[in-house]
Each structure stands twice: as structure tokens, then as C-alpha cells.
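So that you can tell them apart, the chains are marked A, B, C, D and E in the order they are listed, and the count of residues begins at 1 in each.
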Amino acid sequence: MIENSFNRRGFLKVLGWGGATVALSGCGNTSVEDGKEFVTSYVQTADYIIPSIGTYFNSTCAQCDAGCGIMGRVREGRVLKLEGNPKSSINNGKMCGLGQAGVQAHYNPDRIREPLLRNGDKGEAITWEKALGLINEKVGGVKAENIAFLTGGISGHVKALLKNYLDALGSGHHYVYEAVAPSIMRAANKKAYGTEMPRLRLDKAKVIVSFGADFLGAWISPVHFSQQYARFRKADNGERGVLVQVESKMTLTGANADRWLAIRPGTEGILALGLINALAAAGLSVPEDVAAVVREYTTDRVSKDTGVSTEHIGRLVALLKERSPSLVIAGSAAEGYAHGSQNATAIALLNQVLGNVGKTVEAPSSIPFPQMAPATGNRFALQSLNDNMAQDKVKVLFSYGVNPVFTAPASMKLKENLKKVPFKVVFAHYMDETALEADLVLPLNSALEDWATVMPEYVAEGAQLNIQQPLMEKLYPGTLGVGDILLALLKQRRPDEYKGYEDFYSYLRSAMVSNKGALGGSATDDDTFWDATLSHGVVKLAGTPVNMSGNPSAKGLVVPGPFTEDSAYPFHLIPAVSASLRDGRNANEPWLQESPDPLTTIVWDSWVEMHPKTAAKLGVVEGDIVEVASKSGAIKAQVYVFTGIHPDVISVPLGNGHEALGRYAKGVGVNAFKILDSVFDKETGELAMHETRVKVSKAGQRVVIVKDEGPAGGNQMGRKIAVRMSSNKVNLSEEV
Amino acid sequence: MSQRHLLALFNDFDEAVAAIAELRGANIKGFDIDDLILKSPIEHPEVEKVLGDKPVNVQWFTLIGACMGGLLAFFLVASAQANFFSQIKGGKPIVPLPPDFVLTYEMFILGGVFITILGFLICAGLPAKRSPLYSAKVSEDQIGILVQGDESAVAIFKTIFTKHKALEIQEEAGK
Amino acid sequence: MSMLSRRQSNCLLGELLTMYCFLRFSILLVGLIFSAGSYAVNAAQPLTTADDLGPKVEQPIEFPHDRHAGDAAKGGMQINCMYCHTYARRSIVAGIPPLQKCIGCHQNIESVRETPRIKKLFEYWEAKKAVPWKKVHDLPDFVRFNHERHIQRFVFAQNKPVQEACGYCHGDVKTMTVARRQKPLSMGWCVSCHQKDHPVDATSTKTTHGPNDCWQCHK
Amino acid sequence: MSITNLLENWSDFRQQHPSDDRPHREYKWAMSIDLDSCTGCNACSVACYAENNLPVVGKEKFAHGHSHHWIRIERYWDNDGREFADQGAQFLPMLCQHCESAPCETVCPVGATNHTADGLNSQVYNRCVGSRYCNANCPYKARYFNWYDYPTTDNVWPEPMNQQLNPDVTVRGKGVMEKCTFCVQRLTVAKSNARSAGRSVLDGEVQTACQQVCPTGAISFGNLVDPLAKVGKQWMKQQVELNKDKQAKDAEEKAAKLRGYRILEGLRTYPSVMYLEQLRESAI
Amino acid sequence: MGKDIREDIAWAQINKDVLKSLESPRRMYWIILFIAIAMIGVAVGSEVYQYQTGMGVSNKNNSHVWGLYIATFIFWIGMSHSGTLLSAILHLMHADWRKPIYRFAEAMTTFSLMTAGLFVLVHLGRLWMVYYVMPYPNERWVWPNFQSPLVWDMFAIATYLSSSVLFLYVGMIPDLAICRDNIHAGWRKKLYTVMSLGWEGTDRQWRNFRITYLTIACFLIPLAVSVHSIVASDFAMSNMPGWHVTSFPPYFVAGALYSGCAAIITLFIILRYVFKFEEYMTLPIMKKLVRLTFAIAMVWTYLNLIEFASVWYGHDQTAKDQLIFKATGPYAPFFWAMIFFGSILPLMLAFKRFQTHLPILFVVSILLNVGMWLERWMIIAPSFAHGHYPWTWDHDQWPSLVQWGIVFGSFGWFTLLFMVFCKVFPSVSMYEVKEMVYHRSLALKHKPAVKGDY
């Protein structure tokens, strides 16, 4: 790896990639052909640029909100591959598949290449000057309170700039929306620990009980957790951590658990309280008020309510009692109900009772620059925006980094409400469902062409400011970075304040350099600091740990009993978040579509997972097309039968079912977001993702499921291929 | 002394055999029984017997051909394996004998067959121009006896042939 | 009796004749087969010195290699190959120098400043456009030829003169203007050299041959 | 003279791999994969797509079994009739095992696949005529055939996606077989750098793409000849020997502590990839 | 048992009858020819499509890399063995009833080999690179891999094809001379003149001819056995369950003889009708042929059972799984059809009344060949669908229309070659029929047989 100490912007200009040729198809030409191809050569170059040798530049992954540091391999002016930045404490040089597909987001053939203005049903290419002028005109014509800015999770200097823009407009509304976010858990954590996102030390735990937290797959910061998981499994002292996963639909984490307990959906809180009760009975000291609350949760009752056998509860209690510290995690499967907050609170309570706070649940650091601190998204934001739109309170809407038309449940009628907004500006990479509704579409630079800073919500220790820098020259001259657009808009409003900044890069550089003291570069001169920052890709920020509460308290804890049966809609629908597609914004990256779902090995499609018992009851087999109908709508998809799911539950993955977005995503699978019922968490008002009840009926067709596994399924047919043994036979500390 | 050629055609094979036997016994001056050529539509090992013991050499070609084929194959294959950069294949020796023997065997046969055919052509004197004394009948159903002898012998030939019910006697001057 | 013997001798003669023909033939055949065999596996390989002149490649600027690298006696500057093709010792490609490098010298050489080629050069420089040089030694895409290894081996370890080492594959470039391929660059040509034993370095008598597995050169 | 050469070096030519008396000299690339750490996340597979120019074939062709995933994650269940797969799944990354005695090598009619001096099972795309015999004979079915012309007629990399292609790796046209190369383009660079520096490749200096991304570090890769290499130590510790088809683990009861094994070892392919058995806690 | 052939048939009549086949066949001939050409059209179209698009259109996949092409390749190779059986083996055994029918059997050998060879090409992913398989000194300094059974195949088939072409040709020289003598104009005259090499039927020619013919026959027998053993070793040398069977080579050879005999019965009936060969291809000969076929069918059945038994009682569980899969899995209908056509149906041939019933024999012989074709397919497909590695087991792989088209067309290709051959060259060996008639008539006259008679 070659450290970069070169003026990045200048470098990109000088190099260009015009001369670079692409090596295609190697096998046809068998002879020496002179004079057919051009040699890559440069006008000017840096010493460390050697043709045919990759140069690595550090940046930040923008594929999800985890904020992993990436390292782009650049050769002859093209970025070829993304690798993990070893200096980033989030991912330490590792990557997930989703992150690596960032290169396909960059080179995607379906990217928008110039600003488009609505003209009837079509988009008409216009110049940036005209587009920005139009925005200026429109925002000037309405009251500030009628301007809404909808974004996904956002942080860093872009967030600060956005804040300034909204201020300049006279403060419009900023809605931060994430379709898939642990927002209920955040609220419950806030209540229980005093902080939204405590740091989980999987590596320190000897037992992890995860209530549906898919920390290896799609939950918060999977690459980070995976690394901790590896250390948890192979502790230095040789004691292998035990993972118990409690959930109704097996996640990737569940598939790696020593024991996967199928629980009746929504009863996670009951099990948590039952465990507290049993632990108290086993001699663990539990505060009196808590003990009083949990007293009625006897093992028998809990077993009956949750469907987890008393034997397993007993063993789990013994394990938790015996091995400490442990870690209990409330994941999306526990929080996605109308009583999700209570579930999450009960689980947090279990952690506190077990004394894990301070051991495996650590306090995060405060973030020194609050204006750049991550604004975490939730579903409530979209709900309020939707209400405002319905009441015609929004006249100009900006949307950046989200695709609400795709991710909003049909019952919200978001699309209809959008039509009431007279002027909608969408910052987009692709013509996604939301961009199709826009009046003005502003094409964005890809994450590999853009400048930004990112402050991830979840970092193991302290805080961190990630640099996102271009790895190559822009593919299309007609795109702009979001920072550049905001800066241009700000210049319209506050020309004096921002005229010194030629573009977002100069703004960012001066903002960083002027704060270099706080960013740990006080001793160096500006250029050295800046070069070092870019070269590292991350800036460690000193933060002080926030206070955390470890005191168990049962105040206000109400855990409702298990659901009553609903004969019209007998099944619970669990919309599964897949590790690669998440909320669907990355669906147009073919690597992700073709990388098989880990549990079902299905590619390029959606499916309905169900238990063999359920399938037998419905009279369906694998490949049958079924209609899954909720009160809000219906979808049709193929059935996949396996035993990693509770018989009361069916599950449909999220992320597919796009009607737009691009050639790889369009028409693939179905969109399970659409049929979610409008049921909200009682405390936070968040949409309860797992609360939808559905009925399933055979649609008559049958298809052959496109998946990687063959007709033998997951059966090894007695051949010694993937072997498993009992952990007590092995001493891991003896291993290398 | 000029040589004359005479072709007699017979319908009855027994008569033809008898004619040859008589020609042999007649001890005609200027005629060598070895110059007698029998032309027949089918194989006649029993008729050829009266012509005396005439050896066939094709087998020698076969032997040499087959051995050459086998040797060539083995050395070609083994040398190629040894010289082609010694590419290691799946835990096998660089010059593995069993597969090489398979090819040796095939080439042994190929060499044998090819050289046998070559030997046949050489020994049978093929391809050749047809002799002028040829009747399409010998490829149909008649047996022909082609004799070569001094002019003096022609009359005796004719007598013998006629005696044995030759259907037709063709005559032509020798070269 | 006499007839019999005559017949026999006739027979023997014929026999011998046949045998002779046959023997002559088979001797010929043996010779042919063996020569074919050994030719096939050994001698058929292309000669390492064979010249195989490539096509003339038209370059945007007719770069005079002879002026730059040629002998002083012939008006050349005797510049080391690797002064310009600087990547050769550290990369798999020899590379074309960045335009910067050409200009670096030529902006100080007033004497040729107004010649058409140099004018063209400065035109590119002013437009900040890389010169679209064409590949002269363009191997197929599935071949990986590593300049670095060969330069390290022959120039640095074995102390061969640079021009000899480069010239082995590229021909006597210092006498050309626009470079033109002079060697076949075929697989057999590469292999013929890889199979030879070369001294490990300038001093020792130890020799080794080039690497012989396919993945050394094929990708 | 070829025949002289043949006669003189006869004993050399009768020599075979794997054998104890002629071990690999400088390098023997090998891998070990800890199934207890593998979470089945597919990052390795995507990394391979990115590094080795694998085509994305699309749903239709995937359905026909035309996919190219040089490293594929297999998922096995062993819930033999139980109601739930309550011990989770077994994930197994399967890639070319670079067998020391590879069944694919002997059967290729044109010698497009050979054993390299470094113990790799090489595949030369341009030499391949597409008889597919190697795949037929591969017990692991870790070889992938280009059923279509992905770069051209199938337009798998539409402009500008083709700019992502790794120039160090050939883009395969139709009709050739391909497979995991242990990222030979990286190995070559590492070896070349090491030779220029006058040493051999250090452990950790070169990583395969799959190893590099693996979030849990389940994949180790290195030089089995190097006594300092982690992979060699792992093999040693697990008492897995390259040249044997029956390991200590298979033989003795006391070796039950070992969890290293190679897949389908009984076929005597002598794979270069060792797997470490997945563990499951018995207390729960 | 009736007479194989009428011994009072005039030799001139033989010439006339056979030569007539070169002139005016029944209309059926032209119909067959037309159909054959149409079939080739299908195959050529399919191949062009496959060549341009890629092997994927044949609907094979990564675990199921071989398909109908290889199955049909073995089928055609097997077919070719009948010619050797009739002309070489029976020649050595002095079974002179073979004489009227061996010529077309030999032609069948040649043409089915030519058809088989095409399948190797069709099968290759990069057929334009097929010359890489040939061992010739080249500028790349690279040789084929002589350890590969496919290279052995290449050697064996090249040897077999060239040897049988030579054998066919050498055996035809006397007949070509007859043609030359009886046809007086046109390109045929030139063709026959050149090809007959100036054959005059002299004793020297006959003498060398006899030895040569015998020698090549001797070579052809082990060659034929080795060819199909080598084809069998394509499978037996690999480690696929279901292929890795020691008894494969003899099993393949028996299957080859079997399908060849069945095909001879079919073609016998067709030629007899089309070229009006009733006098030569007589029912008694058919009867002998049918009995031979029956015997070989039983040998094949036996070897089949041996194969199953050795797998069943062996310790290789994978191979056993494979066998069970064959008999019960998605391929079971084909497997049992193969057993029925290959082992049960030929039992019919044991009954005298069917041995000369041409319509029934026609149908049965075709069904036998279907069975033998299924046998080859049942070797290929189930093994791929159920190999060592369960993860890659595939669903029953149904070949695409492209594969079927090419396989279908190959029958047209064979028929075309064969029919054109029969029209251009005498498909009944005239000189040998004469010999047969001659010797039969000698025997009839109770003349003491000349020593060395056959």
C-alpha cells in the first residue's frame, strides 16, 4: 500500500483516465497485435503512481450507515476494487459484500447523468445553472415553514451545511427518515441506560443472548460486530463464547447460534422477564421492585406464552448464571411490535439485572462537534412529513438519500400525498421510485467521486470522523456532490458568507484545517495535517464517555401477554432485512442480487419463508406462488420452506420489488414494505415493522426457485463435508 | 525373340485348372510357368495352388510398421512430456507409463495397418495400368489365363486352351 | 533341374528385389520417423535469434529513438533506456514517460524547439492531453510479461548492459526512429529462453532456467 | 536432444506429487478455513467477484446453473427431523481445493490445467478448448464454465461497468473453464516484490481477496513451507498432513480434540484447503 | 433353416443386381435422402446458434457439464463396432454368411465414426481451438496432455477411422474393378477407374489381397475393442460415482456390439427394400444375424448385472447412492426403459417366428437401439446429477432443443452418408457373394472340398 501525500484534487485533474484502456475479453486474441491499442500515459504524474500497480486511497463506505473505512484500489485512473481500511476502528480492514458493491454503485450504468426537470411524464435535461435557479425561485416563493427537507441518516459537514441552508431559508423542516432503523430500541435504551446507543462488547461476553438482533447480518454495524464475534468465539483464554439467539425467524446471526430458540412473535419481553424471575429464583440478586414485577412470570407460564420449552429456559438460566459477563441484545425482531418499547425495556432490564452494564454494555463517547453528530433516522419522521403533506403544509420538498415512495407502507398513501406538494426536488443517483415523482431531479456524484465527512453513530471507542474522498475523476461531468449542491444553494442565500469557497472541497478543507486542533493535528501545518487526514481516512476524536445507568428499575414496565389469534389473518409477517439489500436502495447492484441469501440461497427474487408445518397446513410446497394479504394490501411470491422459522410466522425479505431504480432491480421480486399495516409502537409512535398480520393463500402457480442449493437441499447425504462437533471436546486456546 | 501375350477366358474353373496343369506339364519351350498370370473374379486359393508356391511378403511390412508405430508413439509421447516444461499433473509422474502405453498400443495398430496397406500396394503392384489383355469378363464370371511366351509357343497355348474349352482367346504382341 | 533353379533364382531375385525395395523404404521410414520425432519434440522450436518484423506502427509523434538512445558516433544522446522507460524496473510494464518528462528536457533545448515534432509535443502539453501513443509490443490480454523481473534479473543481478538486456526482446531500438517489433514474441520464443540455463548473477557459476509453470506468464 | 534428455533424466520424470521425499521447495500455498468463525455472510464471494472479474449472469442463467462463484457459501442443516434447526446452520465456503493430486489435471486433453511449482492448480484460460472434462472429474465441482460470452454478446459489464474490471485478471470469453486461482495475480506480485528484495514472501504479505475481507477472519492463507506462517502452524497443530489421505484425527480416539479435516479426503485428491470443524456448545 | 443364398444364382446376375443398386433405387431412397438432408439442416442450424451464443444454449450447467453430445458420441462409436464384428471377427471365424451384408456394415462403421467425431467437435466449448488437441510440433512449444483419456480417444478414433476406411476400401477394390468394367461413361467411370487402382484380379493381386485383408482384420479386432475400452475409460478413469467402475470397458464393448447389430438389422431391412436386395439379404441370413444379436444382448445384460452387483456389494457408498438414484430418481423412467429395451425386449428374438418377421424386427431393432442410446444417456446424466458433492446435485437436467436438434440431425447426417455410399458404391460385396455361391455350389455337388477351403 502506498501512502498518499499528494494534493488529491490536483492529482485527479492531472491524471485523468482518458488514456486508460479497459482490458476486455482475453481469450479471443491469440497473437501479438501491434498498433491496435493505446498505451496508458500521463501528462503529469506523482512519483508513487506506477502504471500497472494499484494505488490505495482511503475513504468511507456509503453503502450503509455503519461508516466503515474503505480503501479503494486505483489503477490507471480507475477505481477497481474497494477494500477495508485497516486504520478504521469500525472495520479494521474488513468489508462486507454490501460495502464492496459500492464500486458497482459508482460504475452503475443506470446512474442519472444530468439534472432533469419534469416535463409532463418525462424528464428534460437542463443545466445546473437553470436547476439551481429554479430552486432559488421556488424556495423564495414559499414560507420557510412550508419547506421540508427529507434525508436519510446524515452527519458530518454535509449535515452542518444542510443545517446552515435551512437556517438561511428561515428554518424549514428537516426530517430524518430511515426505513430500517433500530429507533424503538434507541428510545428504550435511552430510557434504561440513559444513552441511545450503548457500546456492546461482544468480545468480552461469555454468553450472548440476542433477541432477534442480526448483528452479523444487517444490524447497526455488522462488520464491526462480526469481528467482535470472532473474538467472542475464540477468546484469548480459550473459553468459547456461547451465542443464544431468540427470534421467530432465523437471521444470519441465528444461523450461527449455538442454540436458536424459536419464539412466538412479540413475546420476547415475556421471556426476558421470565429469565429475570428464574435467575432471581436461582439466587441472582434482583432489586425488589423488579422482582415484584417479574414474579408472575413463572417458567411454566413463560414457556406457555413464548413457546420456548421450560428445559431451554432452565438451561439458559443456568448458563447466564454460570458464565459472566454476559450480554443481552434487543434486536429488530423484539422491538418491531406495538409494545416494542416494552420488549426492549424488558431486555435492557435483563442486562442490568445480570450486571452487564459497564462490562459488556459500555458507555459511548460524547461527540465533540454536535453540529456534525449523526442525525439518526426513524420512521416517525416520515409519518410526520406525510401528515404535513396531506394537510398541504409542504410546498417545496427536498429529498436526499431516501426512497420513501418505495419504503413507505401503502397504507400511508405517501405517493398520493406527494402529489400535493407543488415542487419536489430529489437528489438522486438513480431514477428511483421517489425520483420518478420529483419535479426536479439532481444527479449526485457517486460516493467514490464525492467529498464528505461522515461521523458514524456506532464506533467501538471514542468518536471518529471519517473522510470520504474521490477515488477517481467524475465519470459524468453532469453530476455534482451533495455538498457542492448545498453550497451552491447556500451561496444563493448567503453569498457573502460562502463566496470564499470555490466548491465543497475548499469548504471542507478549510473547515477541517481551521479546526485541526480539535481534530488532533494541532502540531502540524495545514498541508501536512490535511494530507495526513486524507491518507488515514479517519480522524479519531477525543470524546468523554457519557454517563450510563446500570441500575435495574422496573418503573413503567408493562409487557403485554401474547397475541390473541386472529382467524382472518392467522400469520405474523416478518419483513426480513437482508444483509445485502437492506431497505432496497442498493438493489441495483448486480453483485448483491446475485449473492445468494445466506439462509435460503435464493438469488434475484423475493420469497415467502415458512415452516414445514405451516406449509403442510396451507397445502403448499417449495416454489408454490402464494398470495400474502394483509389489511393493507397483498403481494405474491414463491414459497420457501425451512425449519428456521416459527410456525406462526411467515417472512418476506425487504429490498426487492422495485418498479424503478435500474435494470438490475426493476421487476425483481416483491416489495414487502407495501403491505405493512399502520400499527405503531405505543411509546415512540414508530411504525411497528413486525406487527402486520397476514393471511396466505395459494395462487395456483408453481415455479422452480432460483437458488444456489441443489435438490439435496442442505443435506450432506452422509458425506463428510461440513462437520460439526461439540465444543467441550476442543480446547481452543491450544489452537493457532 | 519377341514375346507374345495370350489371354484365354474360361467359364468352367475346373477346365482352367486343368489347362494350367497341362501347360505346366507340357514343358513348352520359350514359356515359363511363372509368367502365367491367372485372372479371376473371386479368390481362388485352390486354383493358385497349381501355379506353385508363391510367397507373400506383406506380413513383413506389417511387422515393421507396427513396431515403428509403437516406438514412434512411445518416444514422441514420452519426449514431449519430458520436454514440455515438465508440467506436473495431478500427483502423477511426468512420464507416466500406463497412459503412454495406451497411446503406444494405438499407434502400434495404426502403424501396422498403414504399412500393411502400403505393403499390399507394393507387393500387389498397385496401382498399375491395366494390361491390354484384359476382359471385363474376368471381373464377372470367367477365369482368365494370361500367358507369355515366345512366338513359337503361341500355337501350343492355343491348342491347350481350345482343348479345355476356352471361350475366347485374346492375343497381343509383347513388348 | 535347370528350369527349376532358374525359376527359383528368378523367384529369389524377385524376392530380393522386393526386400531391397522394402528395406530401402523402411530405412527411409525409420529415418523419417525418428527425425520427425526428435524434430517434433526438440528441434522444431523457433530459433531464439529469429527476427520477425512487426508491422509499422504510426505514432502521433515519430519519436526518434536513435536520436535519444543511439551511439554518440551516430549523433545519438546515449540516454539509458530506463531514463524514460523508468517503470521497467519496478512494474510489469515498461511504461511511457509522462509528458512532463519530455517537456522537462525539451523546454531547455532551444535548438530543436521549432521542429515540427517538438511543436506537436508542446501542443499536447499546452492542451494538457496525454500523447496517444500506440502499443508496439502488444501482447495478448491473457499474457502477463513482467518487465521488472527481467530487468532485475539481467540488468541488476547479472550486470548486463541495459541496451543488451532490453534489446534482447525489443531489438536494437537505438537504431530505430519509431520502435518496431523485431522479435516474434510468441510463446515458443519466450519458452525457448526460459528453458535455457542462465547464470544466477554476474559472479557465481550457478545457473538456473526460467520459471516453467503456466501461471508465471498466463493470467 | 529430446530422447537423450528422456533417458538421462528418467528417474526425475518418474517422480510424482505429493510425495514426502520431494516436498515443495520455496512455496506451497495453502489455506485453512475455520468453520466456527465463518458466519456465512457472503463477503468473500463478493470480494471474489470484484477481484477476479466474475460475471454476474442474472436470474435466468443462475436458474440454469450457469453461475460463477469461485467461492460459494454452502449452507447445510443437520436438524434431522427436529422441528427447528435449533443449532443453526453450517456454512461452508467452497472454493477450488488446489489439490496436490488434482483429478482435473490428468484429464484435461490440452494440458490447460497443471500443477505449479507453488502447489497451485493452475488454469490457463487461453489454452482451454472447453471439453469440460476437468469439471466432470472435480469431486468438489469447484470449476465454472463460461457457458456464454459474458463480456461481449451477453454484455454483463455494460459501459461504464467494464471499467471496474481488474486488468490483472483475464476476462474470460465463452467456452473456457475457470476457477479459484488463490488470487494468483496477487501471489505473483508478492513473489516478484520479494525476489527483488532478495527474500521470500513473508506471512501476511499476501492475502487472497476472500481472506482480506472476511469480517471474522475465518480464512487463513499462506505458505505451508514457511515455518512462521499461520496456516502452516494451523495445519501442524491440527495434525493434517498434505501428503496423507488419512489423518491422525481419523485414526485415533485421542485425536478427538483435533478439528482440522479436508473434504472428501478419501478420494485422495490431497486438497490444499483445510477446514476446521464448526463447534456447538453442549451446555445449551 | 433355408438357404443363406441361392447357389444357382448366375454370377452375371449378381453383377447386374448389385450394379443396379447404383442406378435405380426405389423412390423410397430419395425420400430417405430428402429427410436426411432436412435433418442435417436442423442440426446445422442448432450448431450455428450454439457456436455463436455459447454452450449455455444446450442447457447444461456447471455440475452437469456433459450431456447428449457425449451420450450420442458413445452411441455412434458403439454403432461402429458392428462393422468390425461382421467383417473382421466373422471373417476370421469363416462365417461366410456375413458376405452379402458385411460391406454395408463396414460402411456403417466408417460413417458412424465420422458422426461420432463430429460430436466431439460439437461438444467443445471452443471448437475453433480444437487443433490444440493434436500432437504436432508448434510454435507454442506446447503439447497436449497425453494422460487425458480424451487424447487417447483422439488417437483411438483417428486410428480406428483411418483403419476402417482403409479396410472398407481395400475390401472394395475388386468390386470397384467390376464397376469400372461395367460402367462406361461419366464421372463414375473415372471414379471407379481411379479407385480400383487397376485391379485385374490376377493371382498375385488376390494372393496379397487375401493376406492383407486378413492382417487388417486381425488388427481391427483388438483396435475395435481398445477403442471402446478407451471411450469407457473416459468414464472409468474419472472419479465420478457411477463411472468409476472396473467393468466399464467390457461393458462398453458389449454394448457397442449390441447396438451395432441392432442397427445392422435396421439397415438390412431398409437396404433390402430400397435396393431390392431380396436375393442377397435373405431371411436365413437375417435369422443368423438376429440370433447373434440375441446372444450379444444376453452378454450385455450379464455385464450390466455384473456392474450393478459390483456396485451393490462394493464398499463405495457414493456409487451405491448413485445406482439407487438411477433406479428411483427422476431418471428412473429412462433407466427402466433402458433395462426393458436392452434386456427384456431382445428375449423376443429368441422366438423363431420373430426371427424372420421383418416388420417386427424393424421395430424391435430400432427399439433396441433406443435402449442402447438410453444406456449411454443413463451413464452420463444421472452421474452428473448425483455426484460426490450433494450441494451441486442438480435437478434432472433436461437437454435443450439445441441439443436434441443436433442429436436428431446426426442421424440424418449418418443416413445421408450411408445412403450416398450405397448409391455410389456397391453395398453388397459382389466378389464375395460369388465366392459364397461358388463354394455353396461346390458343396452341393458333393465334390470333395479342396484343401484349404472355407
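Everything that follows uses one rule, which is that a residue touches a chain if its C-beta (ideal position, glycine included) is under 8 Å from a C-beta of that chain, and two chains touch if they have at least 3 such contacts.
Just so you know, these numbers come straight off a predicted model, no measurement behind them.
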_Contact pairs, highest-scoring chain pair_ = A-D
*Kindly work out which chain lies most centrally, taking the average of its C-alpha atoms as its position.*
D
*Measuring centre to centre with C-alpha atoms, which chain is farthest from subunit A?*
B
*Find the geometric centre of each of subunit A and subunit C from their Cα atoms only, then give the gap between the two centres in Å, rounded to an integer.*
55
*asked:* I'd like the Å distance between the centres of subunit B and subunit E, where a centre is the mean of that chain's Cα atoms.
replied: 30
_Intercentroid distance (Cα basis), subunit E paired with subunit D, Å_ = 43
*Return the distance between the CA-based centres of subunit B and subunit D, expressed in whole Å.*
62
*Please set out, as single numbers or ranges, the residues of subunit B touching at least two other chains.*
54, 75-76, 79-81, 83-87, 89, 92, 119, 123
_Residues within subunit E bordering two or more other chains_ = 63, 126, 135, 141-143, 145, 147, 151, 388-389, 391-392, 394
*Where does subunit D touch two or more other chains at once, residue-wise?*
2-3, 5, 67, 74, 103, 106, 111, 114-115, 125-128, 149, 168, 170-171, 175-176, 264
*Flag every residue of subunit C that touches subunit D in the complex, lowest number first.*
37-38, 41-42, 90, 140-142, 144, 146, 148-149, 152, 211-216, 218-219
*Of all residues in subunit E, which touch subunit D in the complex?*
52-56, 59-66, 123-127, 129-130, 132-133, 142-145, 147-151, 154, 234, 237-240, 384, 387-389, 391-392, 394
*Across the complex, what residues on subunit A touch subunit D?*
17, 20, 22-28, 30, 52, 75-76, 78-84, 91, 93-97, 100-101, 103-104, 107-109, 216-217, 222-223, 226-227, 229-230, 233-234, 240, 242, 244-245, 250, 252-262, 312, 315-316, 318-319, 475, 579-580, 590-596, 598-599, 601, 603-605, 613, 642-644, 668, 704, 706, 708-709, 713-716, 719-731, 734-736
*For the complex, which residues does subunit A have touching subunit E?*
27, 704, 709-712, 715-719, 721
_Footprint of subunit A on subunit E - complex, ascending_ = 63, 126, 317-318, 321, 388-395
